[in-house]
Amino acid sequence: MVKREEENMAIIVEGRGMALVILVLSYILFYVFMYLGRKGREIPVRTLPPMAAIPEGIGRAAEMGRPVMFTPGIAGDLNDPTQGPQVLAAISILGYIARECAKTGVKLDVFMPIPTALPLTEETLRTAYMAEGKPEEFSPDMIHFIAEQSPYLTAVLGYFQRERPATNFLIGGFYYESVVMGEAGNAIGAFQIGGTANIHQMPFLVATCDYMLLAEELYAAGASISKDPDILGCLRGEDIMKFILVALMIIGFLLGFARVDILVKALGW
Amino acid sequence: MPYPTDPAGIAGLWVAWLLMLMIYSYPLYKENLAFRFAEHTYIGITLGVSLIVAMSNVIRIAIVPMLQGKYHYIIPIILGFMMYSLLVPRYRWVSRYPIAILVGAGFGLGMRGVLIPNITQQVISTITPPATGAGAVDWWNYIYIAIGTICAVMYFVLTWEHRGGLGYATRLGRWIIMIGLGAYFGNTVLFRMAMLSGRAQFFLQVLKIVPM
Amino acid sequence: MSEELTFWEKLARIDRRVFYWILFIGLMVPFIRPLGLAITVSPSTRDLYEELRRVQPGDVCLINIAFGVSAWPECMPATAACTKLLIRQGAKLIIIGPYYDVDLSYEELKRRCAEDFAKLKYGEDYVYLGFYAGGEAVVAQLASDFRSVFPTDAYGTPLDELPMMKNINKATDIRLVLSSDTGDWCSYYIRQWRIPYGVPLAEIGIAMLGSEYMPHYRAGILFGMSVGVRGGAELEKLIGEPADATIRMDAINISHILVIIAVLLGNIGYFASRGKRR
Amino acid sequence: MSEVLRREVVYLITAITTIIMFVEFFFIGTWSAAEELRTWAIIIANIALGLGAVRLLAEHVRNIQRRRAGVWPFSIWLIILFVVMFLSGLTGYAAKHDPSSNPVYNWLFKWPYTSLGQTLYAITGFYIFSAAYRAFRARNIDAALLLIAGCFVILTNATVGEVIWSGIPVIGRWFLDYGQVPGMRCFLIVAAFGMLAYGFRALLGRERGFYGEVAGE
């Protein structure tokens, strides 16, 4: 299936060597700490307030007798390099939210504008309700599909005032809809938890949500709930990579004053 | 767009104008029948447009090449239709196969795509000193960006407690992040207001208060 | 909640709809009565203008309309001003766009530069190749072989039958590229055109991209940059033809002042009512 | 056996696809498989839209059947519009390979559709305004920094800023060109690691949350 046309001494594409080193190094670190985690090594993790607030948000909905809304933003199809992984991370978090909703009997509405993610969403909800012993409460009607960004936004806006959800989860790959949903959600007094790795939308979710998962936290959210050794191990690996980068930056920064660019060249390899 | 002269154009213009007001009745007043009408109009039309576009994409990317001899394109077409197994409870799991390819492609492209622009290039830009002949201001910016980036990255250390030295660094990091978010927010205001002013202008244009 | 609110508390809790009405009406005012506040030209716009002025008659320039109809208010003024300038320099234009409503945008562009386009002959002085899809891969393809992406122009005429396109088939045949974006298209052109082939490139899209591409502009990768509608207004000033963006800048000014006033009210209300509570 | 088919094979396909993308990126050579898989993914995603359409229409048919208060007449309207749009587009496409060649499709696309698009795109103007009013309050140092940076940039973008004080654009430009850089850069870096770790677990078949499986079970 794969054919190589040219034989050359160099096998790595020019300028991508360091990227490969970083990838391999990260993977090794992730693996080592995942292994240690499974062996029972304790890895402390900073609690993520947004995750801790999920039960609070759902409890609030139960008290008020109103639904809970979840949406991953317009994002992109699962094969989209930047949006796809965010959608998947959001669906993982949705699994937890759904279980909490099933426990408390709160109605959950999911607005999912991504057709390729529909099967995963359905499967996740079904499993969550099953795990709580209430499979009969799950129905595919909980998932609302709307094609394209702006119509999806209008549908969510209409839903907000018609159904008045008590809690909104805006977690995933957001674009311009973030600020509108965040503010419109605020206007109906909803408690809101946001999350995205799309830098251009972070300011708006920070401004309009009560809690917010920023960048990496979106992917790591699972750890603070499940204490899954795999996720914790990866987190430790990520932290060590961050320290390595910080060390490189400190050294490079100091070398910069002497105008020694050896590190710049090495990183560009 | 010039002010239309044909009846269909004039009707279109007024329909567009009314639909705009129906949508804006939501922020300016509250959810109401007019908004609901515009909402459902939009969802219905867009679903039609998207399906037509998706269909022509499939014809262009898959069917035409297949008819020209790339017979293996029948595979992704079958995989695509495997997604519809979701509608048949017994065979729901079949939809996982096409999804596995999408997820794999997304992760593969995503992970390889972040290494250079998000990691190495960001470090390189952080440690590249200002050009020769740079003034004090340039050096100050160099120091600010380097220290700021380092502290902000430290803020995201999740498996160590933020105490001692790390505590100071992360607090500074948090401030730096807030400055970034504030500046980004402020910059977006320009774009959004330009768009909204376009609608305000359209409101007047249709009424012929200002020329089109 | 039901207790009587003080004036300061009310100030901190003004109903959103009050702001929305003020904003929508405020934005209409300058269209009826322009304020004409002065506009200063920023260095990135000036660099853009200077480089466009260096275009020689007969040079072929590519204009990438990477915005949809929804972004006309922000992107169209700068695109129109640059198009006018290029036509006056005697450049030949190739116009393309990756959004499927690009036909409407192209018609609008022609309408805004009607006087200039009237002097040109289609096929000899400018061509419209129309819609293309497929993201960065297609931009790369375009750099090496135009005809594989656009076998014909938007009207179905084969490229070889268009006199202007006779010797044009790859990135190096192009004098410069202007990309007006709402998304990532400029970075595709940076990676696939600017870096490998050295084709001069400028971004003339939405304001948010101004921050994103500022490092590229500073590094000399982009020869110039027009930032949103403000860039459009600056270009209109430079070519001496105030148009849409100049008027719109008044609306921008009003809206920005309103935002600042709202922020001040919010803070005054917040601090005054907090003081009371203590 | 069916468990293997339902789970392990799926993870294996994900992993192989991911690795093919890596190989193409890092190693010199012509890797047509990667290009091919990407095209496949695009085809699959386009076909999947029909699934969404089925779901959307089913929801509105249910609304009508159950006479859902306040909504069901609109559901009828939605379905009528969809049918008109789809059939007219189809006729146009069949005739000239261009849906817009049908006048009904063209009219609906040119007026209601684009106008609603512009309207919704611009509606953010309202919400960003009220978001600034509520969020830009100096409750603590964090919020104060957000406020200061935001206000300077807002006044810099408007020409009126320099009329108020000539220093405003200087400071505002500093925030835009330098002030925001470290914060944004840090997000790029940490989000990248988040994705690497998440993708790594998916590659090993250990991240199954999105496949509807609860971790640890």
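Letters are used for the chains, namely A, B, C and D, taken in the order the chains are written, and counting of residues starts over at 1 for each.
The working rule: contacts are C-beta pairs under 8 Å (C-beta built on N, C-alpha and C of every residue); 3 or more make two chains touch, one makes a residue touch a chain.
Keep in mind that this is a model prediction, so the values were computed, not measured.
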Chain occupying the middle, per Cα centroid: B
B-D or A-C - the one linked by more C-beta pairs in contact: B-D
Identity of the chain that, by mean CA position, is farthest from chain D: C
For chain A paired with chain C, centre-to-centre distance based on mean C-alpha positions, whole Å: 32
Inter-centroid spacing, chain D versus chain B (mean Cα positions, whole Å): 5
Length of the line joining the C-alpha centres of chain A and chain B, rounded to whole Å: 15
Whole-Å separation of chain centres (CA-atom averages), chain A against chain D: 13
Where chain A touches two or more other chains at once, by residue number: 16, 19-20, 23, 77-79, 85, 88, 115-116, 118-120, 122-123, 146-147, 150-151, 154, 162, 183-184, 199-200, 202, 204, 206-207, 215-217, 220, 235, 238, 242, 245
Multi-chain contact residues (two or more partners), chain C: 16, 20, 23-24, 70-73, 207-208, 210-211, 215, 228, 230, 252, 255-256, 259
Contacts with 2+ other chains: residues of chain D: 20, 22, 25-26, 38, 41-42, 44-45, 48-51, 53, 56, 70-71, 109-110, 114, 116-118, 120-128, 130, 132, 134, 136, 147, 150-151, 154, 157-158, 176, 180-181, 184, 187-191, 193, 195-196, 199, 202, 210-211
Chain A-facing residues of chain D, complex: 20, 22-23, 25-33, 38, 41-42, 44-45, 48-53, 55-56, 59, 62, 70-71, 116-117, 120-121, 123-124, 127-128, 130-132, 134-136, 184, 187-191, 193-202, 206-207, 209-217
Interfacial residue positions of chain A with respect to chain D in the complex: 1-6, 8, 10-13, 16, 19-20, 23, 26-27, 30-31, 34, 77-79, 85, 88-89, 91-93, 95, 99, 115-116, 118-120, 122-128, 131, 140-141, 143-147, 150-151, 153-154, 162, 176, 179-180, 182-184, 186, 197, 199, 202, 204, 206-208, 214-220, 222, 226, 228, 230-231, 234-235, 237-238, 241-242, 245
Touching residues on chain B, where the partner in the complex is chain D: 8, 11-13, 15-17, 19-20, 23-24, 27, 36-52, 54-58, 61-62, 73, 75-77, 79-81, 83-84, 86-87, 93, 96-112, 114-115, 117-119, 122-123, 125-126, 141, 144-145, 147-149, 151-153, 155-156, 173-190, 192-193, 195-199, 202
Of chain D, residues touching chain B in the complex: 5-6, 9-11, 13-22, 25-26, 37-51, 53-54, 56-57, 70-71, 74-75, 77-86, 89-90, 93, 97, 99, 103, 105, 107-116, 118-128, 132, 141-143, 145-154, 156-158, 172, 175-176, 178-193, 195-196, 199, 202-203, 210-211
Residue ranges of chain A in contact with chain C within the complex: 183, 187, 200
